[in-house]
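Alright, structures below, take your time with them.
Each of the next two complexes has chain A plus one other chain: chain B in the first, chain C in the second.
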Partner chain A sequence: MPALRMPRPRMLALGLAALAGMAGAAEAGAHRIYVANEYDASISVIDPESGETLDTIGISGRPGEVRPRGMAVSPDGRTIYVAVSDFLPGRQSPEDAIVAIDTATNRVLRRYRAGGNPERVAISPDGTQLWAALEATAQVVGIDTATGAEIGKFQTGVETEGVAVSPDGRHVLVTAETSHTVTMVDARARKVLTHLLVGNRPRDVVFSPDGARAYVSAEIGGTVSVIDVAARKVVDTISLGLDSRPVELNLDPSGGRLYVAGGGTSAVYVIDTARAEVVEVIRERMGRRPWGLSVSPGGERIYTANGLSDSVSVIGADCLCVLDQFAAGRGAHSVEVGVVDAR
Partner chain B sequence: MRADPLSLVLAAGLACAAPALAAERQFANAPFESHPVALAQAAALERIGARIRAAEADPDATASEESDADGDLALIRASLGAASPATLGALESLLDGAEPAPGAPKDPVAAARDLLAPPDVAGTAPFRAALAAALLLDEGGVAEGWEEVAEGEPEARALGGEELRSVERILGGPGGDDLSGEAAEMLARLDALFASEAVNPEEAEGIAQPLVGLLEVISDSDLYPGRDLGGAAALVLGLSRQGCAALARGDGAIGAERLAIARRYHDALIADTLGLMAPEAGATISAAFEPRATDDPAEACDALLGALAAARTALTP
Partner chain C sequence: MARISDPTRRAFLAGTGAAALMPLASALRAGTPAAENVLRIGATLPIAGAALPEGAVNLRSVGEAARMGLALAEEDAALNAGLLGWSPELAIGNAPGAGAVARAARRLVAREQVSVLIGGYTTEEAEILSAIAEESGALFLNVGATSDLARSGPCRANTFHVEASAAMYVDAILGWHVRAGFRRWHFVHDETAEGEARRARAAAGLEDRYWGAEVVGASVARRGETRDTAAVLDAIRESRSDVVFLLTDWQAQRDFLSHYEAAGLTAAVVGFPEPAAQTRDYYFTLSQVAPAAGAGYRAALWEPTLDAYGARELNTRFAARWGAPMDPAAWSAYQAVKIAMEAAIATGSARGEDLARHLAREESVFDVSKGIGVSFRPWDHQLRQPLYLVKVNPDASPSRELPALAARASLAGELPAIYMPGTEPVERLDQLGDIRRSGECRA
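Moving on to the complex of A and B:
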């Protein structure tokens, strides 16, 4: 299945906080929207205020053969990492890579060999490790961002997709679509800790800001599973309705609100994490097939990448309504949104 | 549709209303739970019919699909053979590219359809929606056919296209009186896809999945029997018990057919999960489902049912 991933806003928020006082530090609130355009083999760089496309970064000269999907943002906001593969998820190819893009120049800095048809990617809070979900081989791979060396490769469930690194960098969680599982890896000990059964066809996973909880969307299950990370157990299941089709999800910086893209329903579900229930469903003016979803560093805006309308919907966190629509590239089923600082 | 229209005209309205109800929504019908055998057999028969039509149009189109045809025949052979040996014989002849025997039904697929599916069930909206979902998403269905096309097997295009024709017939056909809104648009997109150059192997599934989601709302039916993995394991266990009971009473044909159906559900719904969460039970089940795994059917059944019971426990939260 087409799959997308967003850079995690909480990581950006952490990164911005950590950079405070440093020379050249990013200023909070100045950011760009990055959209992975699956069929154009490109990344659109969009001004979040005007909606203007500021740049289009080519990922490959072979659109229609090579595609960008999941993205992650380095903690300092200076690098976007993009999972790149061909269109045949069941096999490995030389195209399988994680591409690093400099957000200051919008140029490709380097390519990390990944193998396994990487679908989504996450980065450790210290920026030293990339973790990519390898769909073709049912594995997750860790890569040293400085050297490009493989840190480790671990077996997961079948059709690996979502991946997240805990705020303390210790745990990596990986979803697997057809085994309906999440695999927990200890990134320090470099071993698989456990596999957990979650909702049917899990897509994406995100850690709470304190790392105590993780949330997993399940597209067919119509649920979000809540994992107690320390206990390594699913402790709650939030129902969005069997017809909700949740895919990508992200938290606001406080962790109090969880936003979930309803890819098959052209809606965004808003969950109050304290109450563990849906408090709002945003449908009016939404683009079609919202798949990727990201939150601005301050939490004021939510962006969705709409695969069937090749657009980005801009949602206000105050009104929980769609404020604007921005044009993106030709993404059809797999566009994504990233948010980084604009120095 | 022939009866009880799905009233897809309600699609747009229901889809719009769905989010507000989302947190509470559960479906009233569970056709795979109510009629697992009839649905597995109906889907197998439709795939066989599509294969015959594709072969008639292009004999090379289904040359590589013989093993799939055998697998589908195994799901209906005993039941159809008991009801009408002539119809079964005609189907087998057509699959072999031969002329049916004199006196055989002119349209053996249609004849088999009437013989296999309980008439009070086959025309209902939940059953038809479930059958369409199976043809769209199951192994050997429309989405997988497109995957094969995109992965370099052009001969899969004709078969997938014919399966799509079956879905359209079951749902009333594109532009049909009872088909409108998003569902019709999705079917039209699948049509257009099968007429286009293949780029993305996931594209048909990317359309079929939301289409099935829409059919769930329209028919008020749970169309994903694997949503509840514990329930799916119980389904496989129940069918396997039926098969083993038939074997025990000496009805080898029905026993083998039920076990073939159980295996189909096992492979589709729980095999991947068991491989990770309960690998020993998974390995035992897979081995026991293999034909001629042992000379002692009772022993094989004991192993199968024991492992399936363990699987159900492992997959039930």
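Moving on to the complex of A and C:
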């Protein structure tokens, strides 16, 4: 599939330094963009330099019935985990799985049975645990990546969605859309620590690099809640506007900037985390309804998966402007960056 | 599980127990922490009994839908609020008619000590519940009465309207149809104050907002008067209207449509969507009595085939719980519980006055699975919200299977459109309904 051709500044070649922020990433690696296409039941593999679609990985032969949504990338960047489910959020089916894709071959390595309509997935920093938000059963489940065995399953609010594992691997945070809560799980003790009230319809959650803070987007509230992880409290709420409908969010490698996809305004909000303020709103040339958002390993690029444009917007961190648009599949939901060995 | 007030406790329990529980409910109960705070909610529903007035017989399906919505809301709230140390206690009073509503509501407040009342399926019922709420300090959430008359005049500080107002429905219907090219309107209304108010609002809507459209006729139809119907049909024919707006109740709409179809008139017909005229059963009735004229476009508070914004998840949970589509009456009852529960959590109080003060704040925003944060207008306590355009299926099936029930109508549009970057969302929602600050509640 050809890239959408638009005038753009020359993209910088990403050298070794750009990958240094990715723990355990192969030194000789180059990165690829992986986009979960909700309505095509596929994953687009895109070259970040040319925007060319290098491969399209079929997740199911039943597009429109089976959908890939949230994704996570392994610490070494070489495995992409995809939350796959059907379109019937109240039903558990064999399609409810976490699919692991090998970035070297673009083949499915393994399917982890998850149950409960998994919507988003996270991986522990050591790569040994998968955590999936089970929308249908209002639970979060931990899965051993080596054996596929269930580590634990914990109750959340109704319509579980976002999930994140802390950098030290101890805490798992899970959002629930109808209870407006974040559930904090102790992954070592395997117990629920607390439930925190955040903004209306929380979608995604991400930890700061040092694990001290976590940030939660609230789609209907139009806010980002800031959680003090040690204190287990919401310590700040950043308003993006009622119409912003923020969904995925991610930090740059330093943790100084938080990028938030604004699905309602087709914008990306840039938050200075030290000031807890929106410092820039990127609107010009953005794709429609950005839903997924990822940051390149070195922090130079921000990628958004645009559900109404079936595209990926490429944003430069220096200019905070849209540099390019790449074509993706139908209903681009999430975007992640994986590593492939240099050939 | 909802506790049921006399006299139909057994019937309610039987109905609830017959439904298969989805995995979520049982999974959640097991892990819900013990609640420290309780919010007691009472609802008055027109479900059964010989006292149900003949003219309100169709309210049975509305009441039943509301009961199912309340039960699902209580189950969801038990989990969601339970995470934060709260739990709901729901008591339902069977109240077929205004007198029964008054008795049930007073009993719910006195005996069950509810601080939230839910109900109001006629203007009279809403007025009664509103008055009892003011007397008792309870919060009243109107989930069925559309009357603009009930929303104007002296402020009832504890009364809030989850149901859309007549003005909102009228504006939605006018907007959709005028943009679709329907310019010559003929109104048919009844002789009640409510009927006249609907006609006046519709006429003002056309005059104020749609200069390219005009009222070419208006007729009064008295219920059961077939001579009136013949005269109205003649008037419509003579007016050469291209759309007829039935501003009557559900029963008169149904009867009129059968005559209209038989008379061979061809102008499009749209009906005022009071709750009893928004059910899947009613849509099926229309498709049977008037397969052409009855199968047009209608406005609705909610649509069970809505598939975006979290609506998919809510509709699916409801269908899995009850084996039926989520009719608008179920949705409004569900959201009333959710809104009350969230107000209790936000304020830390179960007192009706505290909840009402929270709802009246412009900053209090709620998620009702319509894809945009909604709030109550401070001056009349009307919930700002999008409405939906649905198309009645002329080939609707009598089957009670879920897919067949769902297919009795389909989603055709949304007003206002939710995805409109660059516009102010509250102003967008206020495009529906009377934005003159006619109510006397203070912002």
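One rule holds in what follows: the second predicted complex is superposed on the first by the 303 of 343 C-alpha atoms of A that agree within 3 Å, B and C clash if a C-alpha of one lies under 4 Å from a C-alpha of the other, contacts with A are read in each partner's own complex, and residues count from 1 in each chain.
As a working rule, contacts are C-beta pairs under 8 Å (C-beta built on N, C-alpha and C of every residue); 3 or more make two chains touch, one makes a residue touch a chain.
Everything quoted here is computed from the prediction, not taken from an experiment.
On the shared subunit chain A, the superposed partners chain B and chain C overlap sterically.
In the superposition on chain A, contact is made by A:180 with both chain B and chain C. Within the superposed three-chain model, A:88 lies in touch with chain B and with chain C [touch as defined at top]. Once the two complexes are overlaid on the shared chain, A:234 sits against chain B while remaining clear of chain C. Shared-chain residue A:331: touches no atom of chain B or chain C.
In the superposition on chain A, A:75 contacts neither chain B nor chain C. When the two structures are aligned on the shared chain, A:242 is found in touch with chain B and with chain C. By the touch criterion stated above, A:269 is placed in contact with chain B alone, chain C being left untouched.
Touch criterion not met for A:297: it reaches neither chain B nor chain C.
Shared-chain residue A:136: touches chain C; no touch with chain B. The interface of chain A with chain B overlaps its interface with chain C at residues 87-90, 157-158, 176, 178-181, 195, 197, 200, 220-222, 242-243, 245, 264-265, 267, 283, 289. On the chain C side of its complex with chain A, the touching residues are 22-24, 27-28, 30-32, 76, 79-81, 83-84, 310, 312-313, 316-317, 319-320, 338, 342, 345, 365-367, 371-373, 418-419, 421-426.
Here chain B touches chain A in the complex through residues 15-16, 18-27, 150-151, 199-203, 205-206, 209-210, 213, 216-217, 222, 224, 226-227, 229, 272-273, 275-277, 315, 317, going by the rule given at the top. For chain A in complex with chain B, the residues that touch the partner chain are 1-2, 39, 64-65, 87-90, 157-158, 176, 178-181, 195, 197, 200, 219-222, 234, 239-245, 262-265, 267, 269, 277-278, 281, 283, 289, 332-333.
By the touch criterion given at the top, residues 87-92, 135-139, 154-159, 176-181, 183, 195, 197, 200-201, 220-222, 242-243, 245, 264-267, 283, 289, 308 of chain A touch chain C in their complex.
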